[in-house]
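Both complexes below contain chain A, partnered by chain B and then by chain C.
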Partner chain A sequence: MTLVKLMRWESMLGLVLVAEVVLFSSLSPYFLNVDTLSDASFNFTERALIALPLALLIIAGEIDISVAAIIALASVTMGLGAAHGVGTPGLLGLGLATGLLAGCVNGALVTVGRVPSIVATIGTMTLFRGAAYAILGNRVLKEYPGSFAVFGQGYLAGPVSIELALFAVFALAFGLFLHRTRWGRAIYAIGANPVASRFAGLDVNRYKFALFALTGLFAGLAAVLLTSRLGSTRPSIAQGWELEVIGIVILGGVSVWGGKGTIMGVVLAALVFGLVTFGLGLMNIPGIVMSIFTGALLILVVAVPAWLQRR
Partner chain B sequence: MTRATLLSMLCAILALAGCGKSEAPRSGATRVGVVAKSLGNGFFDAVRKGADEAAKELGAEVIFTGPTTPTAEGQIEVLNALIAQRVDAIAVSANDPDALVPTLTRARDRGIKVVSYDSAVAQAGRDAHLAPSSDQLIGETVIALTAELASEGRGKFAVVSATPTSTNQNSWLDQMRKALVARPGLDLVGVAYGDDVSDKSYREAVALLKQHPDLAVLVSISSIGIVASARAVEDQGLTGRVKVTGLGLPSELAGYVQKGVVPKFAIWNPIDLGYSAMQIAVQLARGGDAGKPLSMGRMGEVTFAADGVGAMSKPFVYDASNVAEFAQIF
Partner chain C sequence: MKGLRDLSDAARRDLVLGGLTLAVFLAVTVAFPGFAAPRSLAGLLDDTAILILLALGQMLVILARGIDLSVAANLALCGMLAALVDRAFPGLGVAVAIGIASVAGAVLGAINGLLVWKLRLPPIVVTLGTLSIYGGVIYPLSGGAWVNENEMSPAFVAFTRAGFLGLSTLSWFAIVAAIAFVLGLRYLRVARALYAAGGNPEAAACSGIDPGRMQFLAYLACGAIAGLCGYLWVAKFAVAYTDIALGFELQVIAACLIGGVAIAGGSGTALGVVIGCLFIGIIRNSLPLVGISAFWQMFINGVVIIAAVLLSARNRAHVRTILESRAA
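And now, the complex of A and B:
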């Protein structure tokens, strides 16, 4: 039953995506253009990259609301490193390490501290963001070496940006991991019934800790990309992104109750989300209307399956 | 069946969001993207009004846009959309002077002229920046207002500033002292620092009033300081004897203007700012050179310094005749 339903969800997202492309290219003469679409990809790649591990975490029945705050903290760490003369590879390492460490803090709070993940990560969200503000205040860090710009502004080949290529590679890797390995099946099992999973011999806490660490690591990666793209760090960086990332995951058909969802759905949702905001922007629909629209889309996406199930 | 229902619902929303804006761009008209710090902000609604006025005069088209929240990331998304539409120029008030540079550099690489207004973009990312005013013009205007309010241009006045380290405040004070040379009747008797904190500014203002019983004018060049000063004068029962002026926001001062505590004050006019930014953007897009003085229509000419920064005009003076109208804007 679930398989049929999920297949239906993804094909629906696919159709929505096609509808978007048809609609926007008929409404705006600028939409179907390689350069334009390449530019548009920057609107979602960083958020989509975090959505991949977060999808696994939500499938496993947990959540991480601190991802945007982790970006801020990692960006501040890199900024301070750059101010002290750390080179590009060192900055990459700093960003990833900060993210990983922050993810481990979340993981430890939930698995060792037994704090519910929503409470733990609301706490760390305030903590990490607060630390970024405490360190930087009104200042801005922008002493990044020129070569650091490659991550967020560089292109692999033609119009394919490094960010987009990274997303494609990791989407494939996460898809294979979740759907083709026993670890992936274990994640579904943990989300569907953690108690039964524990009795079946799965080390539930270890899985959860690893997933929090992975989510933190990817928030660190997103921090590297975003900081590189902006070329500067302010403590307000990536403000509000946690909701957008969670929005992508839920739009992708991942159940907030855990145990259900696919990487394919998340990837399609990221594209739907990215193209909707870009397409509406192209038609100069004000951002306020746009956020009402994306909000409505999200409610619809969560409400409709619930309504279908009741019937 | 259900799939079809779902799909049609989603498509309906998409279509709904898309309708009404489907006309193709008019070729020929110069199109300028005017970008706000955030939408739903009265200041930028006024900027838009000015930009529309300039567009009508010049036969250009304004695409007014901005992010929902005042973030650099949101502004970059908006800028990407403008670049994709191949607008001829962009006028932007930056949420972050540095973070917009890579995106705006790409815009300029594709032949789009970039002007920042109000809040500057770092020099590498723009062709020109239009500041609402300059330190010198602000200093001169404040002293001119002080002279007008002191009887026959003579008397003592004191200043409530923000912090002693504030760059803006100090350069305005310097310019005020320079402007004072031409007005020997005015006597600056003291500068107090309220740190841009309401109650500290209030206490400093009261202290100045007690210290100098023959004070004619109390000047504050901070929007928090001027409100505190006005309240201090009112509370001390000195309304009419000591006049308050300086830089402030119409919405915060409208009440004091009606009561006569602050007969006049100055601040830039966002309508003029939008009008001038649009004038400059259109001229640059039509081949104008930011190295030479550019016309800003009814606002006169602007000359950009070596760093690409130009000043629009003297701050606009608000009094009982116009403050109510602008109080609704900002």
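And now, the complex of A and C:
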């Protein structure tokens, strides 16, 4: 059992991260360079921002498959707003509000409608993405005001992009919230045993609703950053991201059975994911080949402890 | 005469969905009589056939309390494999292509099944991982290149399009599979064991059924079907490349949900799944007639899925535990 403790997720992920840095910097002279690494951060910050609230949601025993579709819907709302002359602050508000509203729909379906979350969010994923396609068809929206580009392309100080700074701040905030407050403890309790949590006086449904709303809000934030970075909106924006974001959370050691996981693990997993993507790109290995590694990593990360425990 | 109330929940659900599908079909036909023309119906079935096959396979996995996110990647990999083999050895014939694709698909499905059965890993994590791996393997396999129609042997492409009694071979695959599933799930001992294992694994284990083994068999069958569909897809569209069927897994699962398969396992009928797929097909084929942009298809699917799952959640309420139903 000590072996299991030694092989905690976070230390394993840390080792993988170090190995990646060593490997890539020995393979490419351009890797260990502040500007390069700063560029690399754009590969994962948007996805990682959604992974934070999604980790809480999965720890609480629920899941949200609709996050990428929420990005599409929020991006379309912003694009339409921009086409009607809404300014940059208004667009930010539109994106966040759309995300929050979409998250509330998910939360209501699960808590009031009592639909299993995986089913509910596959439904809303189809609905939100479908709405984006229905509104936009094969059009592209790109009449964004110049100042809107700041969110996804701006830098806070030196090589630290606004996206990266946002991720750092929110990672810290989520870490403190989950591991240092009684609400964080309650989320673990709800994931480990919802019935016992209810007996202990926790309003389980209220927590779950809030977490769905929060996940939606962050999908909205990711939509603002991504749209601002790309400068355009198509209905296919962020296609397939839902599985990548869930992959980051699970890679981070969060149990899909609920009740287990840390923010540290999720942050490390996001870095591992971002560096693999970027490093292999630097070596001209196509992204699709990289998915073999991330897929294998994902299974190994859950298979190794399961195998150890059976012995 | 039996009233609606005497029917089982599943039969009632199938009846409602069937009625709704029929109503949509009739409404479109009244407005556009051409919609019910034999050729139009044959086209509809041809369009929906692969969805029906994949959804039937997926249903087995969901019945056993699993989920298979890797079906589309499995399909793409096996389709590419069949196309590459056909390009290298054009004389082998269609039976060999079908055999290769199905066996390769079964192997990929067995990998999912073994990980879920022997290591007891969460199905969603396993198949999310294999989704990435299977999809990724296509690239080194094909060198990132496309296999186009002119590189495929004529028989390879012609097979799915060949007609019999006015329907394409592809449609016949779906029809035969649908009948086999409806009868098989009702009368085969292993199928009843599958329902038992998904409905109540503990009770199933007490009566001598290994729920893990049932999950394995479900993944195996689902994988074999996905592999077969790989050949069918590549032959139907006469092209194989890395991204075919990208994201189709969620459409397949959506079709199962519309068809009334409960994600909690142990509940769902083959008839319901087939009707669910036909419903999607009818909507898809009638949108252009009605003058609604095809881009509305997905949105309508979303509305239908949510309506379906909300209704089935309401119907389930009376079998919930005292604690849960009181909290509502």
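Keep this in mind: the second predicted complex is superposed on the first by the 304 of 311 C-alpha atoms of A that agree within 3 Å, B and C clash if a C-alpha of one lies under 4 Å from a C-alpha of the other, contacts with A are read in each partner's own complex, and residues count from 1 in each chain.
Everything that follows uses one rule, which is that a residue touches a chain if its C-beta (ideal position, glycine included) is under 8 Å from a C-beta of that chain, and two chains touch if they have at least 3 such contacts.
This structure is a prediction, so every number in the text was calculated from the model and none was measured.
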Looking at the overlay, what does A:Leu23 touch: chain B (first), chain C (second), both, or neither?
first
For A:Ile288, select first, second, both or neither according to whether it touches chain B, chain C, the two together, or no partner.
both
Which partner chains sit in contact with A:Ile246 here, chain B, chain C, both or neither? Use first/second/both/neither.
second
Touching partner for A:Leu127 - first (chain B), second (chain C), both, neither
second
With the two complexes superposed on chain A, say which partner A:Ala296 touches: chain B (first), chain C (second), both, or neither.
both
Now for A:Gly14: first (chain B), second (chain C), both, or neither, which partner does it touch?
neither
Is A:Trp257 touching the first partner chain B, the second partner chain C, both, or neither of them?
second
Contact-wise, after the overlay, does A:Gly175 reach chain B, chain C, both or neither (first, second, both, neither)?
neither
Scan A:Gly90 for contacts with chain B and chain C and give back first, second, both or neither.
neither
Considering only the contact definition stated at the top, list the common interface residues of chain A for chain B and chain C.
239-240, 286, 288-291, 293, 296
Please name which positions on chain A make contact with chain B in the complex.
8, 11-12, 15-16, 19-20, 23-24, 27-31, 33, 35-36, 39-40, 42-43, 140, 142, 149, 152-153, 226, 229-232, 234, 236-241, 276-278, 280-291, 293, 296-297, 300, 304, 308
So in the complex, which bits of chain A are touching chain C?
63, 65, 109, 113-116, 118-120, 122-131, 133-134, 136-138, 195, 198, 205, 235, 239-240, 243, 246-247, 250, 256-257, 286, 288-296, 298-299, 302-303, 306-307, 310
Of chain B, residues touching chain A in the complex
2-3, 6-7, 9-11, 13-15, 17-18, 21-22, 24-25, 39-40, 63, 65-69, 71-74, 76-78, 80-81, 83-86, 96, 98-99, 101-102, 106
Write out the stretch or stretches of chain C touching chain A in their complex.
67, 69, 115, 119-122, 124-126, 128-133, 135-140, 144, 242, 246-247, 250, 253-254, 257, 263-264, 293, 295-303, 305-306, 309-310, 313, 317, 323, 327-328
